[in-house]
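Each in structure tokens, the structures are laid out below.
Two complexes are shown next, each including chain A; its partner changes from chain B in the first to chain C in the second.
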Partner chain A sequence: MKKYAFNEITPMQYTLILFGTQVGTGVLALPRVLAEKSGTDGWISIILAWALNSVAGLLILSLFKRYPDDTMPDLLVRLFGKWLGKLILLPLLAYFAFFSWTSLVRGLLYVKAWFLPKTPDYIVMLLLTVPVFMVVRNGLRVQARYSEIVFYMTMWMPFFLLFLLSRGHWIHMLPLFKEGWWPIVKALPTTLLSFLGIEVLYVLHPFLQKKQYAVHGFMIANGMTGLLYLLVVIVCYVYFSPDAITLYNQPVLSLLKEIEFRFLERFDMVFLALYLLVISRSWVPYIFSTVFCASQLLGKQDHAVPAVCYMIATIVLVFLIHPTWNESDMWVQYQLYAAPFLVYLLPLILYLYVRGLEAFRGRQTP
Partner chain B sequence: MDEDNNLLVSASSPVFSREAEIKEESFQVQTLTLRQSRDEFDKLFTAFPSAGKVQFILIGKRVLEHPDWFPLLDVFFRDPRNSVKARVAMVDGSAYDVVRFLPSNKPRLPLYLTKLFDTAYRRNLTVKTSLRELQRQIFERGMTPSISKLRKDDNLIVTGTALLDKKGKYALSIGSEETKLLRVLQDETQGEFSFTMTYPDKAQGGLFHLGSFSFSAPAISVKTKAGYADNKFKFDVKIHMRAVLTERHFYDIDIRREGAKLERVIEQQMKARFEKLIGKVQAAKIDPFGYGLYARAYAYKPWKTVQDRWGEAFSEASVNVNVKVTIGAMGAIQ
Partner chain C sequence: MFIDGQQEASIYDTKGWPQRSIEDPQLESSLKGAHQGFVETGLQNLALLRRYIPNRELRIEGHTIGRRTKTQLWVVYLEDVAHPEVLLELQTRIGQIDIDAIINTGELAELIEDNSFSPFPQFIVTERPDSAASHLLQGRFIVVVDRSPSVLVAPATITSFFQSVDDYSLRWLIASFIRLLRFTAFIVAMFLPATYIAFIAFNYEVIPMQLFLSIAESRERVPFPPLLEALLMEITLEMIREAGIRLPAPVGQSISMVGGIIVGQAAVQAHIVSNIMVIVVASTAIASFIIPSYDMGTAVRLLRFPMMLLASLFGIVGLTVGLMMLIAHLVALESLGTPYGSPLAPFRWADMKDTFLRLPLWTMNKRPKSARPIQSNRVGHKEPEGDAP
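What follows is the complex of A and B.
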């Protein structure tokens, strides 16, 4: 029985959705966050986080390989029954909803700080969520196409940073392992957070047309994310002094201010405006995961109604709370506490449970 | 800054109006901060002053003679709408004199200044320190800032580079000849480098300096190594220049056969010049070259102990400069 046959996505789309989910607003501040913890050795943390994340993703995939037609909600119900399964689904739903919310708020704050400082925040939120909703209310295939086209439209962006490498000071990178391994390990949790996004695999996997490419697609997406982060972080470290980089809240944006052409000043504004596409590409799968889990919880097939409710809720919340940068930082901190359980521990437990179940049944049947 | 140490901010702005006779207006106000000065300017200027369009920041020498003036510029970095590409320069004298300078044979002041400094920078007669670069040089513990310097007589003249100490206080001035050397030691060898020297034992006292010759150095490679021994830092700087002769006033040396002789002369004189500059800078307890970066990279442990007083530590360091010159071309005539 193939429940999701109607909305199948190609391996290419699958890869690009994953990549798009991982890369959002986090990368703009990543060099500073890393530098605060581990100085110019921060890029080593990226490699470690990339490796850890690959392992976690492979674990999730090997779990779903056993149930190729199940999403996480289906799987939970299958394993634990209707009530217990849905109960376990609740924290996951909350996690997706909260993650979508924080990343929407991040986007909102960027837009407000850099383009529209005088527009009320709920209006900005409205302007941001309407187009996102238009994508999300459709099936996954439409969203996958959106990820794909945004990828093609924005793939030139990282290369612009290379312009600055010629003006950099490579001497900043030495010596390696300045203070030994400890600061590098200390930076790992935050680095892992910027690799998050693999949890959409929970929802994505059964939609993939050719399941044999699930691992390849994941490794490519994760690898692209890792390379992108490495590039961004190294360019920032080489360009900014290691003593000054922690000064910039979003070093990447400060860096972009430096790029100027004879015919175009303030290129950073153009860049950030286009970067909104990239940010929206990470919102879409998260919001979809949220509303998908919600509709599964309620036993509905259609996810358009939860999507509308979610959008309206965010706008109302923004209107009521008027989020600030500090609050948003705090929420990201919460995410940091929740993520290891739901992204790394949950699949591990499920995997062990399934293997245990198999071994148990194996002993019973012969 | 005025006699009573009040901060004075002045600004010049183009006037885009067909009816205006003079296409530029400039005012001076007394304030506590730059952002406050904007309000004051708003009362004076016909247009809407906006810091995103600032081209040039001129700082009077009197301000620079006090430490800790750098936080005044905070507004340029904090407000994302502001540009950080504006150039920073020190005025030997009053900055307002430059701001209200209205020469009839020059374009508008912002254009004039930018052009003036761009061309001087291309020949490495001064440095090009943008706001962002200045921020880097102030916060980077391994180096001290250097900014352009100008003076107003009847005209505006670029007079080289002002070297500041770690707190931004004015420490030392170097001329345009020395700025070239500074740029080489910083390993910033873009642009044109032209040096003029006197060949020893050639007609010295003549009216037309017949012992002189010039060369440009289109390719300079600088290799800096740092080490730590006997409680002080040691720097080994290897400079390899390709020289292209551009003029000489004497013809009795055959460069085809005796080129090596000329190369040795250039090497000796360059080395002496570099060492003189380094000595001067060390005496002022600053490090505009950024040798602290190398100290951090190659001798991290000892660096950690002195990183907050690097200027002092550098003044005790020994710097060994080694110049090697290859004459790459002698030009179209012998």
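What follows is the complex of A and C.
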């Protein structure tokens, strides 16, 4: 029985949701973070992270290939029974909820720092969550359309960086491996973090209309993310000197500041304002995953009510905590600890478990 | 009628009503399209449609609604092209209407639409038989309402409001240019005053000093903040526009003259509004006139105000949030269960030939997918193909 036939999405939409989930606020600061950890060799760690992430994604997909009509909550219940399955779902739900929260807070902090320093943060949060909620309360199909249209509307953005490439100095990139492999490996966890987003596959996969394109779509999305990050990082490295780059908090925005028109002085601000579209596109699947898991946990079909609750909770939390950049950095660190378990280890364990089960039952297809 | 030698007699409905002769459509005028518009007699309208499509697949289904008025409706469609699911949805919705009277097509549209709280029209209401016929050929449904001079076209997509019959009789390059112009006008009409407010009142660091100074100079003696200034002008303009519609044509002329003088000249000289504001408001108004559909034009006119408010409260972030909400609304909206944002979201590459551009007709040998036709080849016949979406 196909449970999710009503909300099927096309391979294109599937690809663009994945891509949209991966690309968020992280990329704005990525060149600095990489430069701090591994100097100008940081771009190599992007390639490594891309490869690692591809492997992890393929693992998730090969797990779900066996259960094409199951989301992660369904699968956990199927494998471990109702109670244990739901118990294992809890950390995943917490992870999604926390990830959505930190990335919402990131967006909030950007808006507050760049545009609305005097507006109370909970009002900014309200402002940002209302459109997101308008998308999330609907079925996945609507969210897929949102990702799709935002992709087409923001496709031009990376190409602006290419203008600056001619003003850069390629000499900054040399020599390669100037401090050996260790700094590159050291930067890997943070780079992996900016590639995160593949965990929405847990929820996304059964909705895909043509399952034979699941791997293609994933590889394209992951490849696009990798290429985008490479472009951004290399342009930043070429443009700024290796020492100066660590001085800028968000090198990408500082870079865009250099673009000036006679009628527009602060291109970076306009760019960031429009970049909010991209950021919101990455919130939508995360919040959907959160509320989807929550509704599955409670045994409800409709996820609009959890979505409302989640939104209100976020606003209230912002009102109570008033998050700062430092706190936000700390939360991102927590994510860094949690992500390997839930994104890389969990599918591996499940995969081995399923294979073991099959061997035990005498190679029956489930 | 009895015929000599025949055993059967025929009964004909020869009732007559006072009726208007067929005239040029008022609201949707066209340069090169047909000059016959629908009239208030439903049967005549059906005859007009049949003249365009004398095909045996053309189905006409009668319904009667309205307990008092007993208004007759006809659902018209091409049986081998239109999607049966959409038909079922339309029939169900018409069947569920329980009301005493329906006077106009607009009332029917409101009773069967998907989202009553949306500012956007979810059905095309047209008074042109030629555009109705072309929608039929794309696999859409027409509802002809007796006593109403316009018919309802369903399902609609947002881009279909930017197409006009003239596009297909002009050279395709020119038609494409005009299409692009309409989409630009849509964005300008919705966002220009809001952008002005955001840049002048909120994020003035974005524009260069020189430009800001020259704008500030023209605003120097204006006592109002930009939002108030913009609201003042926009509302005045809306009033002038509304006054022009209701007045008989000769008086309407004088309204536009009075309006033009007051808004254009005197307000600036009296330092109530700035020169630039007049330019902004005037270009917004012109842009909103370019949109061919009146319903879509009114939606844009209305949405301008929340955008202005958001821009004045939150600057360019407010603008982006407004845009986000607009997109969120459009992707969630459906018309008879068919996505309203199609072919943009869900994106359909094949439909792009007739969306922002109008490519030569020989490239369009498939029907656009956004109307969900079950027969995708234009020159196809009865046998439905396997690629129904």
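The definition used in the following text is that the second predicted complex is superposed on the first by the 362 of 366 C-alpha atoms of A that agree within 3 Å, B and C clash if a C-alpha of one lies under 4 Å from a C-alpha of the other, contacts with A are read in each partner's own complex, and residues count from 1 in each chain.
Note that a contact is a pair of C-beta atoms (placed from the backbone, for glycine too) under 8 Å apart; a residue touches a chain by one contact, two chains touch by 3 or more.
Note that this is a predicted model, so its numbers are computed, not measured.
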item: Fit or clash between chain C and chain B when superposed on chain A; value: fit
item: Partner chain(s) touched by A:Arg266 [first = chain B, second = chain C, both, neither]; value: both
item: Angle at chain A between chain B and chain C, C-alpha centres, nearest 10 degrees; value: 90
item: First (chain B), second (chain C), both or neither touched by A:Leu174; value: first
item: Touched partner set for A:Ser241, first chain B, second chain C, both or neither; value: first
item: Partner chain(s) touched by A:Ala144 [first = chain B, second = chain C, both, neither]; value: second
item: Which partner, chain B or chain C, touches more chain A residues; value: C
item: Minimum C-alpha separation between chain B and chain C after superposing on chain A, in Å; value: 6
item: Chain C-contacting residues of chain A that also contact chain B; value: 265-266
item: Of chain A, residues touching chain B in the complex; value: 113-114, 169, 171-172, 174-175, 178, 240-244, 247, 253-254, 257-258, 260, 265-266
item: List of chain B residues in touch with chain A within their complex; value: 52, 77, 80, 83-85, 132, 135-136, 139-142, 290, 293-294, 296-298, 300
item: In the complex with chain C, residue positions of chain A that touch it; value: 10, 12-13, 111, 115-116, 119, 124, 127-128, 130-132, 134-135, 138, 142, 144-146, 148-150, 152-153, 262-266, 269-270, 273-274, 276-277, 280
item: Chain C to chain A touching residues, read off their complex; value: 203, 205-209, 211, 314-321, 323-325, 327-329, 331-332, 339, 341, 344-347
